[in-house]
Amino acid sequence: MMNEQWRHLTTKLPEWLDDCRQYAKDGEAASYIPELAKAPADALGISILTPDGSMIAGGDSGLQFTMQSISKVFTLLLALVDHGEEHVFSKVGMEPTGDDFNSILKLELVEPGIPFNPLINAGAIAVTSLIKGSSVAERTERVLAFIRLMAGDDAIDYNETVSRSESVTAHRNRSLAYFLKENGVLDEQTSVEEVLSVYFNHCAIEVTCGHLARMGLILACGGFDPLSGRQLVPRRYVQIAKTFMLTCGMYNASGEFAIRAGIPAKSGVAGGILAVVPGQYGIGVVGPALNRKGNSIAGIRLLETMSVECDWSIF
Amino acid sequence: MMNEQWRHLTTKLPEWLDDCRQYAKDGEAASYIPELAKAPADALGISILTPDGSMIAGGDSGLQFTMQSISKVFTLLLALVDHGEEHVFSKVGMEPTGDDFNSILKLELVEPGIPFNPLINAGAIAVTSLIKGSSVAERTERVLAFIRLMAGDDAIDYNETVSRSESVTAHRNRSLAYFLKENGVLDEQTSVEEVLSVYFNHCAIEVTCGHLARMGLILACGGFDPLSGRQLVPRRYVQIAKTFMLTCGMYNASGEFAIRAGIPAKSGVAGGILAVVPGQYGIGVVGPALNRKGNSIAGIRLLETMSVECDWSIF
Amino acid sequence: MMNEQWRHLTTKLPEWLDDCRQYAKDGEAASYIPELAKAPADALGISILTPDGSMIAGGDSGLQFTMQSISKVFTLLLALVDHGEEHVFSKVGMEPTGDDFNSILKLELVEPGIPFNPLINAGAIAVTSLIKGSSVAERTERVLAFIRLMAGDDAIDYNETVSRSESVTAHRNRSLAYFLKENGVLDEQTSVEEVLSVYFNHCAIEVTCGHLARMGLILACGGFDPLSGRQLVPRRYVQIAKTFMLTCGMYNASGEFAIRAGIPAKSGVAGGILAVVPGQYGIGVVGPALNRKGNSIAGIRLLETMSVECDWSIF
Amino acid sequence: MMNEQWRHLTTKLPEWLDDCRQYAKDGEAASYIPELAKAPADALGISILTPDGSMIAGGDSGLQFTMQSISKVFTLLLALVDHGEEHVFSKVGMEPTGDDFNSILKLELVEPGIPFNPLINAGAIAVTSLIKGSSVAERTERVLAFIRLMAGDDAIDYNETVSRSESVTAHRNRSLAYFLKENGVLDEQTSVEEVLSVYFNHCAIEVTCGHLARMGLILACGGFDPLSGRQLVPRRYVQIAKTFMLTCGMYNASGEFAIRAGIPAKSGVAGGILAVVPGQYGIGVVGPALNRKGNSIAGIRLLETMSVECDWSIF
């Protein structure tokens, strides 16, 4: 059956790409920093990778882009490795919020004032503060090392220009971070600026669809890398990550994506999406034009189409 | 393997029941109407049903209780059958809210003022208004018929005393309903009181764990009833229902239950929980003592324990 | 000096009316019920009354209109007469909200869930529930009697058509009222519909600018009617009413009006404004075109102009 | 009559001080920085100054304390002098909020995201950013010079230890300031830290009740200093300041204070209150024990008692 679906995928993908690329014109690339605004808004690319190493790549799959919020899945995994579940979940909750990804409301409104989940900005900042390391450089290096391991590419690095641009404009994230500090979520020793530097750095890690597909494949296989034969992350932590991807991965459109596509996925404002078909595929998508909730408009469409066509929903 | 897990379940269930029942004392039965306050707060019961008709029952599985919010899964299914996806989702959204189940905030704060999902009170009232029928009696009868079909028991009925008590005290639900009317979610022809009457009636439908297990089994089998050999509900609608159960089924503790147990489930304030292990089991649980989010405190614990022990998480 | 200001007022008023009437085109008459939508949107009228009985009337001062929210000042006075300060302020607070006049947010968000002040819709409904009387008719009659006394005109009555229209469309007010009932603000004996009927009736009381001017004059004189020589309301209650008019009288534009005009005033969605220059004048204004906060756009302008020109601010 | 009231005040003040001091035990001194926590919680002092230079001082009127939020009245005046009304009110609104003084909610929820008024923390930070000067030192010096002029004491200075302590703990204020930066309220050239440094400095200006009384007297006289015979601030700006003191001066208990005392006043978390009886008195009060809204519990009581006894309400 796998072969049949694979053949279906291979055959139909060019058509789906063409269809879905049309939706890009209803969205816009992020423009809050010049580096993101320069992205080709009508691009759409995809890579699909299977446990036996087969790969389909289509459209603009060679486009390089920054991970942005997709990196939050991996900082969560690293924080879990560094501290275990109990400590991590004393600093960040497990609930979707229904609010915008950069909302500050619930930090003031809902006791005890910890972020609702690790995939909204406030939660991801809290998680970043948990990554061990004695300096910004060391913490950044540890995230990079982890992502290089997962993506199987030692050449992966972060884009310093993007990181610096983010830092200059990130007043809202600073506001979130200081609110977290006030609420006792960030520890007293670490400065807000240090945490944010690591955060901007890991958001600025550059990848292609192929990298995302490989990282997704490891998540699809419960932390086991079928290509190297090694367990790279404890299965329980991968389970946690995939659960959050399903409930919170597409900002406050996560519920809709769960209904329409039904697979764990995480988007970023550079237009990337990392998706997982459990046991079957790791998928990387890129399409820089975003809808008003901040997800790749054509990328979402492509994943929904494929999920329906291939019956991927986990429900 | 199934046999092995079944043996494990059968063997260990009494111990798990004993362990989890201890948590009941940290919660309280709902007390807003006398009928719920009378429930045995320290009870805990479970029924598990397999596609081949095997059943395990333990603890207070014979206890009769009202479905309350569990009925919302089935009114959603019926509304989908009556109107299709597009119309239903013009009246109710697909997102978890992070707010209390009876919150009115987002109806005022978030355009276009439709309820975020069908499993919070506002959303369930909107869904109830969609159930076809020319009178309260006819609409109630249609819900009852659907639930009798799903549960395989024509004797199922609603408790009129409970429904009446709910109606007398349900000022908050009336407030939600009139706000929905203001926002154009309820149609102009139907009166708020009629919609609420149907709502109170279906919340007051009385079942046992066995009924819930059977209904859950049909959801576990994608709408197909393995015991009668009939497809009772279109598979797509069951998929939708199970997705909502995962993202929104345990009120604003849904995210946490997804992380800890990882299976679709829906709770009610009478202490019932309907849970689904896709392809494998339908499960009914009852434990009237609730935690502060409104879920059965011992019931949640029991399902989390079983899911971890049996590796049920869908992630 | 009085004479000099009076001459200034008399001389300049026609010019100010012409200037301010221009602003009407930037607003719109309320349209949620047909009776309000029919009002002449570009009308602007005013009456000014002094303790010695002198009166200036200008523009469309003969226009008849419903008091709407202006009536809330008088139901507050009547509730204070009926129950005293302590009881009234156990049901309604003293704080401006910053929210829209019909907002429900703070009833859910802020303990103990009583309305923040008597001049927002929720607070006015709570106050209306306090007016003594054994029936809707008797309560309505008591409000009418009080307003006739204050306005010195026994022919004043409410417009039944307007009251009925309000009732049919007032889903938001019903939502507020049931939320109040849930929060224990409305007593258990009185039904929400009865309270709302009295509320719709007193909002529908028909007056002219001359009536408002006379009512305002009594407030300006601390409850004493200089024309009849009688103390109609205890001075302390009038002080309370004028304080609320200053802090909350123009919905969530009250702060701005306090800065720009600096006098106690209360507006209604039919375009009326009752204003008070302490010790000097009672003023009635009407201009049906509203700004987006619900206040008469030309009426506000006229009062601000006059206040600046005549140095009326109490600060 | 003045003489009679003055005699009444002089005679009764010791008794009122004794009565009101009892309430201090129901409150607590601010404890978020050690300098404030050290204040004598049960102290209560007052100074009252008249235009002819008569002064009554009672209780702990010699206690030195930091102005804290009281300074916000004077930075508002200075910003108005520096920029005029139009520019200042393009950066900060005129409405009370009903929210806590340090709330961030409305910056996210209400377009265009400017602070609602100059006396909540967000608004005061915005106003501080408007004070002209090429450095923190110069801006601080300008505020100091203005306050020395108003208080008639060149020895007034700010407490560097307090300012530094505030800076170390002020994560919430930083969060507010960065949110303001995001919303375009703070200009791009000035750094958030510079604005906050000026803010912490002016909040840390040390005064006694006598200083506050003299500053209050000038406000009571519309910006005219009756002792020096000079107009120190334009009357219109003083009018604006007094209006905000009435509507927003006591945090989200301003409405209640307006109803109970009815005079413009501004409190600070060190326990100070500056109050104004228009045309008659400038008043300085200190009582470090605060109620849960952040106002001096005994100080509020004292002012309410005096206002009722002397009939000071402006309404």
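We call the chains A, B, C and D, going by the order they appear; numbering starts again at 1 in every chain.
Here is the rule we use: a residue touches a chain if its C-beta (ideal position, glycine included) is under 8 Å from a C-beta of that chain, and two chains touch if they have at least 3 such contacts.
Note that the structure is a prediction, hence the values are computed from the model and not measured.
Between chain B and chain C, the least number of touching-chain steps is 1. The minimum number of touch steps separating chain A from chain C is 2. At the interface between chain C and chain D, over half of the residue numbers involved are used by both copies, so each side presents largely the same positions. Chain A maps onto chain B through a rotation of 180°, based on Cα atoms and reported in steps of 5. A separation of 32 Å divides the Cα centre of chain C from that of chain D.
Each chain gets a centre from the mean of its Cα atoms; for chain B and chain D, those two points are 54 Å apart. Measuring from the averaged C-alpha position of chain A to that of chain D gives a distance of 47 Å.
Counting partner chains per residue, chain C has residues 109 touching two or more of them. Chain contact summary for the complex, chain D toward chain A: residues 103-105, 108-109, 171-172, 174-179, 181-182, 192. For chain C in complex with chain D, the touching residues are 93-99, 106, 110, 116-117, 239-240, 242-244, 246-248, 252-256, 258-259, 262, 264, 278, 313-315.
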